[in-house]
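In order of appearance the chains are A, B, C and D, and numbering begins at 1 in each one.
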Amino acid sequence: MTHTPTELMATVAARELRDGEVVFVGIGLPNLACNLARATHAPNLVLIYESGAIGAVPERLPVSIGDPSLVTGSLMVCGMADVFQSLLQNGRIEVGFLGGAQVDRYGNINTTVVGAYDHPDVRLPGSGGAAEIAIHARRTVIISRLSRRAFPDAVDFVTSPGHRFRGRTRRELGMPGAGPVKVVTDKAVLEAEAETGELVLAALYPGVEADEVRAGVGWRLRSRPHLAKVDPPTDVELRLLRDVLDPQRLYLKG
Amino acid sequence: MRDAVAALVRDGDTVVIEGFTHLICFAAGHEIIRQRRRELTLCRLTPDLIYDQMIAAGCARKLVFSWAGNPGAGSLHAFRRAVEGKGPPLELEEYSHFGMVGRLSAGAARLPFWPMRNYMGTDLPAANPRIASIECPYTGERLATVPALNPDVTIVHAQRADADGNTQIWGLLGVQKEAAFASRRVIVVVEELVDQSVIRADPNRTLIPGIAVDAVVVEPWGAHPSYAQGYYDRDNAFYVGWEPVSRDPAALAAYLDEYVYGVRDRREYVERSGGLEQLRAAARVCAGVNYGY
Amino acid sequence: MRDAVAALVRDGDTVVIEGFTHLICFAAGHEIIRQRRRELTLCRLTPDLIYDQMIAAGCARKLVFSWAGNPGAGSLHAFRRAVEGKGPPLELEEYSHFGMVGRLSAGAARLPFWPMRNYMGTDLPAANPRIASIECPYTGERLATVPALNPDVTIVHAQRADADGNTQIWGLLGVQKEAAFASRRVIVVVEELVDQSVIRADPNRTLIPGIAVDAVVVEPWGAHPSYAQGYYDRDNAFYVGWEPVSRDPAALAAYLDEYVYGVRDRREYVERSGGLEQLRAAARVCAGVNYGY
Amino acid sequence: MTHTPTELMATVAARELRDGEVVFVGIGLPNLACNLARATHAPNLVLIYESGAIGAVPERLPVSIGDPSLVTGSLMVCGMADVFQSLLQNGRIEVGFLGGAQVDRYGNINTTVVGAYDHPDVRLPGSGGAAEIAIHARRTVIISRLSRRAFPDAVDFVTSPGHRFRGRTRRELGMPGAGPVKVVTDKAVLEAEAETGELVLAALYPGVEADEVRAGVGWRLRSRPHLAKVDPPTDVELRLLRDVLDPQRLYLKG
C-alpha cells in the first residue's frame, strides 16, 4: 500500500514510543501516533492529557484535549494542579509531544508570536502547557512539517525551550528533561547532536533526497555520518490509521 | 443569572470564568455582555470562544491567559485583531498553563506567590516581568515564581449544587476549585439544583463548599457550546463554525446581536440555538460507594 | 505483604505510613516489625498506635511528626519513654500538621520547599531549625518554609485498587495522595482488589494512579484498629485499651509477641483478634453519577 | 436543674458561637459546645474538622477527630492540604477552639513539653493543627480548667501563640487572626485586655468568688472594672447535653 507523508509522520512518531511508557498527549497527530502505538507494539502505553485524564481510552477521535470521551472509562481524572505538579514537575512524564509554528536550529519552539512580542505580525495561541512539557518531560518529540518559514535559524520567541537558549545548554539552565530527542517532519527525522544541541539530519523517508530536507530549514543543516533508514508504514499500520483511528481523515489530511 | 451578575460583577473587576474545555459558563459571559460591563480584566487559562465574544463586545481592558485559541478549529480573531493592532487595544499578561495554575493555587492558599521549576530557557519572563524568581532556603536553587491571582469574581459552571452552593463536579476538574477559593466573590452556575441530601449522600464528590459561594444560578445548557459531562456533549460544529464568524467583525457583531443582545436570557438562547437536544448525553452511570461505618 | 515489605522496605529507610485516623495500615507496620527492619526514620502527621508499636519493637531511629498521641484515649507511652529519657533514644523532628502537609506537598511537586504563613510567635522554629523562611519577591513579606519530604517508601491503605495500582479512596483523604506522589517507592494495601473496569467506571474517585505504585497488596481488615469507610468501623475499645498496654513495657512486649511476632500474617491476626465482624460497616451506598457524553 | 462546672463550660463555649459561623471543631468539649449551639441558637453553624469533613452532622458522639461518623452525611470531604491552605490559611475559619496543658498570661498555649524541649519532664502530643489554628482562625476560644499548673505566668513552650510572644504583639508578628478572645474555664471567663493582650477576669460563674479564680492562675490576675454575668445553663441546654449530645458522659465528666 502507498502512504501519504502525514501517515508516515504518524507512524514514525508512534515507533518512538516504548511499551509501558507514560506519555503526555496532544490532539491531532500525537494522539494518532499514541493510539497507533497502543494498537501495535505498545499496548500498555499510559496516555495522559494535560486536561487531567489519565489512562484515557477514547471511543471516538477526540477533537479537543478536553473531549468528554477522554474522561469516560479513563483510569483517573485529576485537577490541573496535580497534572502540572504531581505528574509533570514530579518527573513522571516520560514522553511529551510538541509542535509549533516555528522550530529552530536548537529545537526551540515558538507558539507565541511571529514578529515582535509587543507588535506581532501574527499572534499565535501561546504556551498552554508546552513550556513546562518542554522543560520537564524526560524527553520530547517534535512533530512539524518542513518549510523555511517553520524551521528558521532562530525562532522569533522561545515559548518552549530546546537544547540551547542564548548560548546556554539545558543542563546549565537547570532543566530536568532531556529535551527534543527527535523532530519528526514530513520528509525526514532530525535529531539533536549530543555536543552542540544542534538539530542534524538523522534519517530520510523513502524516496526523499537530503537536499529537499535542507531546502526546508533556515540554517545549514548538517547530517549524521550514517543516516538511519525509515521503514514505510506497514499495511497493518496503514489500515489501523485509515480504518480505525481516523476514518474521517480529520488529522491524516496531506 | 441577571441578578447574580448585576449584584456581583462590576465594571473594572478582575473576572475569572474557568473550566478547562469542560463546563465553560457561556451563559454568564453572555449576561455580562448584555449588562455591558466594561474595563474588565478577564483571566482564564484558555480564553476560548466566550472571551473572544466578550473582547468583541468591548467588555475587556486586559486579558490574563496562557493559551488563546479555538481548540482544534482555529483562532480567536477578536483577540487577534486587538493584539495585532487591527482593533481596539487589549492589554496582555501572559503565562503558561502551569503559571496560571500556580497563580490561582497561590490565590486559593492566600499566599502572595507560588514557586515552580519553570521558565528557564524561555522568553516568557522577558515578555512578562511578573514572572520572577526566588532562592530556596535549603538548597540555594533558584525557582521561578508567579504572583497570586485573587479575582474579584469567579464564575464556575458545575453539574449540580444545593441551594447553599455546595457544588459537585465530575469529569475534568480544571482549576475550578482553586479559582473559587482564590476569589472574593463566587457565582456557581449549575445544570441542576439538587436537594442537600443528594450532596450529603456523596460528600467526596463536592469540589467547592457553600461557604465559598455567594450565588447559585440554575441554568441548564449554560455551558453550551462547551459541555457538561453526563449532561450534554461538546458542540464541535459550533467551535468549527466560529472560525469564519470570528474572522469577520460584521459577522461577529451579527452573532452577538442575534444570540446575546437579542435574547433575554439563557432559555431564549437555547430556543434560538435549536437542536441542542441531539447533544444530550448518553447514560454511563457509575455505581455508588458505601459511606457506612 | 511479606513480599512487598521484603522487596520495598529497607533498613535505614525513611518510611511513611499515612492515613489521618482513617485507613492507617497496621498490617504493613506489623509486617515491618516481623521482618525486624531497623534504623527507620518514621514519618507521619499522627504517629498513632502503629508507630508506638514500631518504636517499642526497635524499628525506629527517628520520628518526624506533628501530633503524637492516642487520640481520645491517652498517650503513646513507648514514644514518651524514648523522649522522656526512660527508654531507648529516639531522634525527633517536629512540625505542626500544616508543616507536615507542606513537606509532603513539596515532595509530591518535587519542589525543595513549601511556603506558608505560619510559625510566627511559636517556639517550633527554635525547636526545629529546618523550619526556615523566605522573602516574597512581590510583597517583601517573610513567609515560613518547610523542606520537602521525599520518603524512600510510602504505604497507603485504601478501600480498593486494580492490579495495576490505580487506587480509589473515599471518606477522609488525609495526605495519602501527597505522600504517594512524594515517595520513591509506594505500596498500596487494599481491602478489595477490583477489576479495572470498576476503576474506569468512576475515574474521579481515583486518588493515586497506578503509574505511581510499585506494589498492590490485598489485606482485608488491614487498617484495624483504625477503620475503612464503608468496610469497617474504628475499634475504639482497642484504642482505649492501648493506654495500659503501652504504659507497661512488659505488657507491650507481650502484645507484640502475641499479635505481631506470634502470627504469620494478617489473616492470623484477624483470627486471633476475634470478633472483628461486629465492626463491619452498615450500608450507606450513594447513587452514581453519569459519565456519558 | 443544677449543673456541673463542665456542663457550664460547654454552655458558655456554645454561647460564643453565632449562627452561620464557620467553626473549626475539636473533639471533646468543643464538639459538645458546637453541637449545643447548633441545637439551640445557631442551627446554621458550619462545623469543619481538621480531618477534612465539612458540614459534618455526626449521628453519634465522635470519639476521634477523624471518626467515620463525621464523613457520612457531611457536605464535603477534602484533603488536608485544602483544610490548611484553602480553608484555614485562606481566612475562611471564623472560630477555632483550642485547649492545652498550659495557658499563660498572654494566652499562649503549650501542648508540646513540660520542662525543656530537649529533655522534657513530660512529653505532650505536640501541635497537631493548633499552631496554625491559633494564627489563622479569625478568633479563637480556649477551653481549659483552672489550676496553677495549667495557667502559669509563662508556658514552658509556645506551641500556639496568644496575644504576645517575647514582647511582640500578634500584629507585629504578622498573624492574620485576632487570637484568643475568650478563655472559658470551669470557674470563670478570662478575656484579653485590648492594649496589653494580658488575660484578665471578665466574668465569674454563679457562686464563684474572684479569689478562687486568682488562686488558679500563676500571675497576678487583674479584673475588668465590671464583671459580666454568666447565666447558668437553661433546662433546655442541660437536657440537650445530658440526654442527646453526651448521654454516656464521655466528655461531661467533672
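Rule of thumb we're sticking to: a residue touches a chain if its C-beta (ideal position, glycine included) is under 8 Å from a C-beta of that chain, and two chains touch if they have at least 3 such contacts.
This is a predicted model, so every value here is computed, not measured.
Chemist: Counting one step for each move to a touching chain, how far apart are chain A and chain D?
Modeler: 2
Chemist: When the C-alpha atoms of chain C and chain D are each averaged to a single point, how far apart are the two points in Å?
Modeler: Inter-chain centre distance comes to 28 Å.
Chemist: Taking the mean of the C-alpha atoms as each chain's centre, how many Å separate chain B from chain C?
Modeler: Roughly 37 Å separates the two chain centres.
Chemist: Taking the mean of the C-alpha atoms as each chain's centre, how many Å separate chain B from chain D?
Modeler: Taking the average C-alpha coordinate of chain B and of chain D, the gap between them is 40 Å.
Chemist: Which chain B residues sit where two or more other chains touch them?
Modeler: Only 110-111, 116-117, 141, 170-171, 173, 177, 201, 204, 227, 229, 233-234, 281, 284, 291-293 qualify.
Chemist: Which chain A residues reach two or more other chains?
Modeler: In chain A, residues 53, 68, 71-72, 77-78, 85, 89 touch at least two other chains, as defined above.
Chemist: Hey, which chains are touching each other here?
Modeler: Chain-chain contacts present: A-B, A-C, B-C, B-D, C-D.
Chemist: Given the complex with chain C, which residues does chain A contribute to the contact?
Modeler: Listed in rising order, the residues are 22, 46, 53-55, 57, 68-69, 71-78, 82, 85-86, 89-92.
Chemist: Tell me, which parts of chain B touch chain C in their complex?
Modeler: 110-113, 115-117, 130, 132-139, 141, 143, 145, 147, 159, 168, 170-171, 173, 198, 201-202, 204-205, 227, 229-234, 281-293
Chemist: Under the touch definition given earlier, write down the residues of chain A that touch chain B in their complex.
Modeler: Contacts found on chain A: 27-28, 50-53, 63-68, 71-72, 77-81, 84-85, 88-89, 108, 112, 117, 119-123, 125-132, 135-136, 157-161, 165, 168, 170, 173-176.
Chemist: Note which residues of chain B are touching chain D in the complex, please.
Modeler: 108-111, 164, 166, 177, 181, 196, 199-201, 203-204, 206, 209-212, 291-293
Chemist: Given the complex with chain D, which residues does chain C contribute to the contact?
Modeler: These residues of chain C touch chain D: 20-22, 45-46, 65-69, 71-72, 75, 79-80, 83-85, 94-98, 101-102, 105, 116-124, 126-127, 141-142, 170-178, 227, 229, 233-234, 236, 239, 281, 284.
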